[in-house]
Structure formats: C-alpha cells, structure tokens
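Consider the two complexes below, in which subunit A is the common component and subunit B and subunit C are the respective partners.
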Partner chain A sequence: MSLEELCGLKAFLKTTNWSNSMRQISEHDFQEITSNFNNPYRLMAPVPGTPDLTNASLKIDHGTTALGFVYQGGIVLCADSRSSSGINVTTQTMDKIVPVSSQIVGTLAGGSADCTYWYRVLARESRLHELRYKRPMSVDAAAKMICHVSEMHRGTGLNMGMLLAGYSPKGPSLVYVDSDGVNISGKRFSVGSGASNALGILDPMYRFDLTDEEAFDLALQSLCQATLCDASTGGMVVLHHVGPAAHRIVRKVDCMELHKKYSLDARNFS
Partner chain B sequence: MSNLGIEQFPDYQVPGVSHADFSPYESNGGSIVAIAGEDFVVIAADTRLSSGYNIHTRKQSKLFPLSNQTVLASTGCWCDTLSLTGLMKLRMQNYEHTHLKTMTTDAVAQMLSIIMYNRRFFPYYVSNILAGIDKDGKGVVFSYDPIGHCERATYRAGGTAGALLQPVLDNQIGYKNMNLHGEDAPEVTKERAVAVASDTFISAAERDIYTGDSVLINIITKDGIETQELQLRQD
Partner chain C sequence: METLLGIKGPDFVMLAADTTHARSIIVMKEDQNKIHKASDNLLISTTGESGDTEQFTEFISKNIALYKMRNGYDLSPRAAAHFTRKNLADYLRSRTPYQGLHVCRWVCFRIHQRYDETDGAELAFIDYLANAKSLNHAGHGYGAMFCSSIYDRYWHPNITQDEAYDIFKKCIVEIQKRLVVNLKNFNVSVVDKNGVRNLEPISAQSLTDYNASS
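Showing the complex of A and B:
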C-alpha cells in the first residue's frame, strides 16, 4: 500500500473510467491529428481541391477596427470590441489589444481565431527568446515572425492584420503586419474594416508633439467615428498607452458614451 | 524547413491537374444554450438530429460530459462533432494518465481551441459551447467559432437557432441596455437559469425547424452534474 502511495498509483487508480466504446486510434494517428500540440506551426494540410462549403455556410468570427500612433509621449493603441460572423454580432466584449510580452503589445483585426492563435505562438516565441538570449524580443523580430507565418500560409485564406507596438533602447516602434506578408514600420496606422473612417479623423489631426490628453482624445475620437460609420465596429472602445517602462489601459468606455460626448462637442463648436 | 510543416502542403493550381469537387459538410441542426451563475452553470441542448427536411432521430444527446466539472455541447456537422468529441475524450484521458489529475475547465477550453485550429484549412464544421466550473469555483461558459476562436462569457446560445436565442438571453440574463448599474442587475439563480434556458428552447422549437423534440439540461455544480429533461413540440 505504501509503495502504491509513493508511486502515486493510488491517484492513478482513482482516474475516470472512460468508456470502451471510444474509437481505436493508433498512436501515430493521434499524434497526427493533434500535430500542433508538439509543433504549433504544424497545422493539418489543406485538402486537395476545393471543398464545397455551400452546405456548411461556414462563418468565422471577424474582428474590426484598431488604430495606433507614435507621439512624443509614447505609443497609443485603440481598438473596438465587436466581433461578428456574417451579419451576426458574436460578441461585444472581445479584447483586441493583447500583451504579447512584457515589452510588446499588439492589436488584432481580421479572423479572430487566426489572430489569437498566432499571438499565442508569438507570446511563446518571445518568452523563449527571453530565456535563450537574456533580452526581450524586439518588435521587429516579432513582426518578422508573423510575416513568416503569413508567407508560409500564403493563398490558404489566413486573414489577419496586426499592429505591434513596443519600446526598445532605440525608442518607440510601431509595426504593421498582415496576412499578405506586408511588414511596415511607421508612425501611425489603422487596421480593419473601419480603418478608413478612423484615418479620416486621425490623419488631419495628428501631430507628433501632442500632449498625452490630446493623443488619447484623438484616438478615441477617431475610433468613435469608425463605430459610427462602420457596421462591424462597435461595443466598448479600449485605449492603451505604451510607455518606455510599461503599458497600461488608459480607458475602456462604451462607444455610445463617446458618441454623446463628441456630438455634444461638435454642437458647442458650431 | 521540415519542422515548419511545409512539406505537407500540396501544390496549388497545378496546370493540367483537376480535382473532383466534393461536399464534405452537412448541417445536422440543433441548438445549445449555456448560462453561468456564481457557483453553477446550466447547459442545455435539444435532441433532434436532422438533415435537410428529414429527421434522423429525436433523442440524440448533444451534451458530452468531459469530466464531472466540464460539459461540452456541440452541434453542426454530426460526424465532425463525433470525431472532435472523441478526440477531446482521448486527449483528456491522456492528460489524466500523464498528470494524475483531471483537466480543469480553463485548460479544456484552451485545448479545444488548439485542436480546432489544427484543422484551420479544413475546419470541423461545429458550433461548440463549453460549460463548467473554473478553478475558482465559478461557473463559466466558453464559446467557439468553427476554427477555434474561444471566448469566455457568462451566457451564450449556439447552433442553428443561436441567432434566435442569443437576443433573448441578452435581455433576460444580461439585462443589456437597460441602464442597470452594478448591484441593480439581479444575480442569476439556478432556478431562473434553468427556467430561462427551457423557455428559450420552447420558443426556438416554435420557429426553428431543426430544433425540437426535447431538451436535455445539465446543471453543473462543484458536486457534479445533474440532468433534467423537458419535452418540446415534436413537429
């Protein structure tokens, strides 16, 4: 008895009795159908030819507007929280700004599953990078990794648009990467279906020497415009600030409140 | 490059090669609803399995208990549901034998997401909702899209009548846009969750041809899973 306990066999004997009716799957098949557990890059191959999806009306979740810009006080990232599949809103509370590592924050737009999966892989890579090289992964390196993923899966319908923001000793950096393999570093970007609406406000009002408050206000106002004009943008608006030391959530506000605020501002102005 | 999995990709659009089209998917219908409370979670699914205008069976459970704290409900293409849930059970058994403990609901949720994303380019055509008690003893619901996007929620409807049922839950459980703040919104009790879940199915059976016959309701608490059944319209 004591030997059993020492070996942990007692716990083993208590494990669930699984039904025997389960299909017999060989060890090799089992490894094959869960191949991305051992190697996250190894997804199951697409089927040859084009499977007819008309019966399935396969609808996957899509995320929407995100914007980011660099100013004198750091980097601002702002995103909505609506995720929709076809004409249905799946959720109004999705987190579209995710911390990848202690240094990097990213936004996601496009297919939610694509983005969340590859962000998870990126987070793993950046942690391994920290352990291997004793320094944090740079934003450019992270963007390059996503870019490689995009190139690997070119033509397979992968759909993602990402903004990666972070600080290195050289200063702030903001990079745009997407599933076409585009990889651009720049000062201001907007991604997703409401991107052009947001840029309509962001572009003419942007200056590098904005104060913190002005920068936050500009980001919120641009995103507010996108929630008004783009059907698949809405829900909560989340604003992140990325500074040299840390990143923080500045505001999380329902876009209806922003609508009220900015429409009131416009009335006072005219 | 072999570890990048490139060698398994076939060449696309090779001239002179034509592939026969095939339709691998079928919608077998069915709806699911899950509502989480402070220390319990209620998950319900109807028992009709159909294809086109034919009903295959009137008593097929779509709830798959994975442990005594976690239940997976799955509808869509039934063969995909079977292979996915079979695989889930296998992986959980594997985990149990390796680590000598049962997977927590949160871990199952993440694993399901990864298993589904493995088939990114030939997805499981399923609508999944996972319900269970999390590591803090709270009730949780995780909902999925067909390629494995996972979101934690407190209530969710899925399946063919998902778009029909979700607004009812938003109103009755979520109290959306009623200007209730903080404590004003009443907490969901177990009885109310079961009542609302039953009502949504009664309504769905009225308007969705793929939902009907009966509803199986599982109530998960820290003590285990309790099952109830409710008859619906059979037409």
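Showing the complex of A and C:
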C-alpha cells in the first residue's frame, strides 16, 4: 500500500502483504480494529514488540508554546496556534486551548493527532462522569486519566503534553500531564518547544497577587517572546481565563500585533 | 539527578529527598514531595523516570493497603520490601509491550523503609535491577555519591534522631557545594514507633549559618 510505504512503515511492519491480509480480515478482526468506537481506551494493538519509531519517516506535528499560571483572580492559560510538521507550517489557526468540560480547560502540545484524540476521549469521559455522578469531574481525576492512558501506551510513540486547569470547591488547580506519565500539579507551567523562552519572561515577573489585567499582559508578553525566539510558535495567540464560575476566552490576538506592542514597549523601556 | 538519602537508627528510620522535579533541562516544580506514606509505619521514597516512579509507588502502596484490608494486619517490613523487589524483578524480565517492560527499564531507584513493632526499624535499598538490600544507611542518585563517606564517618549503631538529622544537614551542605545540579530543598521524614512524621525541610536557606564541621 502506498501510504504504508510513504510513512516508512514497511521497515518495522513485518506483515508481508497488507492488501492480502486485508482480504482475509474476519469479522472478529474488524471489531478488534474498530474497538475504540465501543471503548475509547482501546486502540488497535500496535505492532508486536515495541515499534521503533525512530526509523519510520513519520513527521509528527509538533512545536508549540503553551503556558498557564495560577494567580489571585484564577488561572490564566495562553497558547499560540501554529501547527507544524517538520519544517512546514501546517496551519496557523489551530485551537490549542480547548474546553474539556464546563469546569476544565486544557492546552494541547505534542503530536496533534494524539492530543486531539485523547482530548476528545477525555471530554467524553468527563461528560459521562457528570451524567453518572451529577458532579463535574475534578482536574486531578482528568489528569489521572491521561496519566493512565500514557502508561498504557508507553513506548508506542505517543507524544503529548497537556496542561489542565480548573476549579474545584478546594480552589484553583493547574496540572501538567504528559505521555511519559508525568502528573504534577503546581502554580506555574509552560509546555512545548518554546517553553524555556516563555519561562524567561514569566518567572521573574510572576506574582500571586497580580491583577487580572496584569496577569493577562504577563501571559501575552511571555508568549510573544516565545513566538519571537521559537520558529514553531506563532499565529494567533489565544488567552483563556479560568475563574471560579466559568472559563472564557479573554483575547485572541495575532502575534504580529503583540510584536508591535511589546517590542515598542521594550524600546521605550531601554 | 535526583537524590534520596536514608538513615536507619535503633528505633527509627529517617529519609530525605530533594524536591526538584525536572523534565529535560527545565525544572517543572520545586516542591515535589518524593517521600510517600504507604501505610501507618511505612515510607517509600522513589526517584527515576517521573511517570514510572509515580505509577509504581502507587501500585505498591495500594497493594500494601489491599493486603491489610484482606488480612487485617500489615505486611511485615521484609515482606513489603520483598514484594516490591519481586515486582521489579518480574517487570525486568517481562516481554509484555505495555507496562511491564517499560516500567522496569527506567524506573525506580528506590529506598523503601518502615518501622515495625516486632522487627524494629528496617531500611531497604531497592534499585531498578531488583536488588534489595537491608542497610543501615543508603542513598540514591548523584547526590548520594558525596554522602557515603559522611555516613561512614558519623553513623553509629546507637544514633539518635537529632544526630541523623544532623548527618542529613552535612550531606546536603556537601551536595549543594559540590554537585553540579542545583538541589535546593530536601524534605525530611521519619518513621518510628509513633508512626510517620515530617520534619523541618532542609534548604539552602536553613543551612546559611550551619557549621558542618561541628
């Protein structure tokens, strides 16, 4: 099959002829392959053994900067919207901050396909949780779910990093989870290829008692710096605010506008 | 890069663990507690691949809790260490594409310790190759390389909790002086016949006027 060749799958897919094996596919096999329709946690089993994805010429979409921090007025999440595949920019309008439920917002970083799939599973599960138990899923529970997924798919090339933000009766919580099974809660995180650039601005200027406007400004400034220094970060910068009652998009700005604003600021400052 | 330290005394075991959580070159969190309370008188501190350590520690502590529920009494200290070791050994030799292989490969240098009413204190040193050894003092990670000499010099069989805490201070002073990685804070916990207690964390700040030679 041409797609198989294009992806370089032949090198590690030991099946002799895919089209032949397709013909022999039984009802049972078919159900196995599409098992994720019935149970989202089940994906078709990967190639026996651990597939070595380093030899596959798969270009997985990645390159992002997303940041989030907790301050007195809630949680701020900020991310760019560029999605790139190798050296190519695939889209400039990808939504990387997505609502998981009415209480939880997440940011996506890493392989777009992985992130999108597992985000949808998470959204579905949290909705079902709400219907079953008549209370929203907590951020920790959502994080644990992603953590288990990561653990289930260790070594299969799963690649994602998420920030989950939300409010519980105990207060705001911000959790970082990724495909290594890491699950840490904290006050201030940045994920993606431009993370170190964003942290350079965010860390020294962060205070817990920022006002709303100061917090938004700080998030935009940090992300603006990341779009300058990191090639795979850019496009529209989206700023989300998660408050005790609801979450909302505060601003959606083209990073060019931010460059104009903040580089001028920088010049005045010096 | 992470460091765990442990000292066994006649009737207690004290553990120290740094609180830095790093991913590649970025420090993600500066107050991560790596000393987990597995039961009323059992502490587990773990270091290694962060996802694995968390998953594995949770697996072990939940199983220890399950054992108590089923039998009405706690797993003995040696049994808990053996259970942990057996799991690591099984993972090490498994070929299952999921948890098995991966959990074992990277996980868990770990110190595993508890205080038991009948057997007294026990400090088990367990690593990812499924070595398990009962020791008087132990350490994991790069930081521990500087500590063995300090343990040898200052540890004695009748050591008190204050002395053990002081040994940790000496170790941490040395780690912060000589180790290329910045490990600012260390959490300290102790388990004795009264159960588990968290002691004052040892940080660069708290050590400013500490004289290690005294």
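Going forward, the second predicted complex is superposed on the first by the 235 of 270 C-alpha atoms of A that agree within 3 Å, B and C clash if a C-alpha of one lies under 4 Å from a C-alpha of the other, contacts with A are read in each partner's own complex, and residues count from 1 in each chain.
Quick note on the criterion: a residue touches a chain if its C-beta (ideal position, glycine included) is under 8 Å from a C-beta of that chain, and two chains touch if they have at least 3 such contacts.
Predicted model, so just to flag it, every value in this text is computed and none were measured.
Novice: Please work out whether A:I249 is in contact with subunit B alone, subunit C alone, both, or neither, and reply first, second, both or neither.
Specialist: After superposing on A, A:I249 lies clear of both subunit B and subunit C.
Novice: So, A:I33: does it touch subunit B (first), subunit C (second), both, or neither?
Specialist: In the superposition, A:I33 touches subunit B alone.
Novice: Which of the two partners, first being subunit B and second being subunit C, lies in contact with A:A231: first, second, both, or neither?
Specialist: Neither subunit B nor subunit C is touched by A:A231.
Novice: Using the superposition on chain A described above, determine whether A:A195 touches subunit B (first), subunit C (second), both, or neither.
Specialist: second
Novice: What is the contact status of A:I184 with respect to subunit B (first) and subunit C (second): first, second, both, or neither?
Specialist: After superposition on chain A, A:I184 lies in contact with subunit C alone.
Novice: With the two complexes superposed on chain A, say which partner A:Y176 touches: subunit B (first), subunit C (second), both, or neither.
Specialist: In the superposition, A:Y176 contacts subunit C only.
Novice: More residues of subunit A are touched by which partner: subunit B or subunit C?
Specialist: Of the two chains, more subunit A residues are contacted by B.
Novice: Quick one: classify A:G155 as touching subunit B (first), subunit C (second), both or neither.
Specialist: Both: A:G155 reaches subunit B and subunit C.
Novice: Thinking of the overlay built on chain A, is A:L128 touched by subunit B (first), by subunit C (second), by both, or by neither?
Specialist: neither
Novice: Report, in rising order, the residues of subunit A that make contact with subunit B in one complex and with subunit C in the other.
Specialist: Touching subunit B in the first complex and subunit C in the second, residues 46, 48-50, 152, 155-156 of subunit A appear in both lists.
Novice: Show which residues of subunit C lie in contact with subunit A when the two form their complex.
Specialist: Contact set of subunit C toward subunit A: 21, 23, 25-26, 28-29, 31-32, 49-52, 54-55, 97-99, 101-103.
Novice: For subunit A, which residues count as touching subunit C in their complex?
Specialist: Contacts found on subunit A: 46, 48-50, 147, 150-156, 176, 178, 180-184, 186, 189-190, 195-196, 199.
Novice: In the complex, go through subunit A and note every residue touching subunit B.
Specialist: The contact residues of subunit A facing subunit B are 8, 11-12, 15-16, 18, 22-23, 25, 30, 33-37, 39, 41-61, 83, 85, 88, 90-91, 93-94, 111-114, 116-117, 152, 155-158.
Novice: In their shared complex, at which residues does subunit B touch subunit A?
Specialist: 3-6, 8-10, 12, 19-27, 67, 77, 86-87, 89-91, 93, 96-97, 100-102, 113-123, 125, 143, 145-151, 153, 162-163, 166
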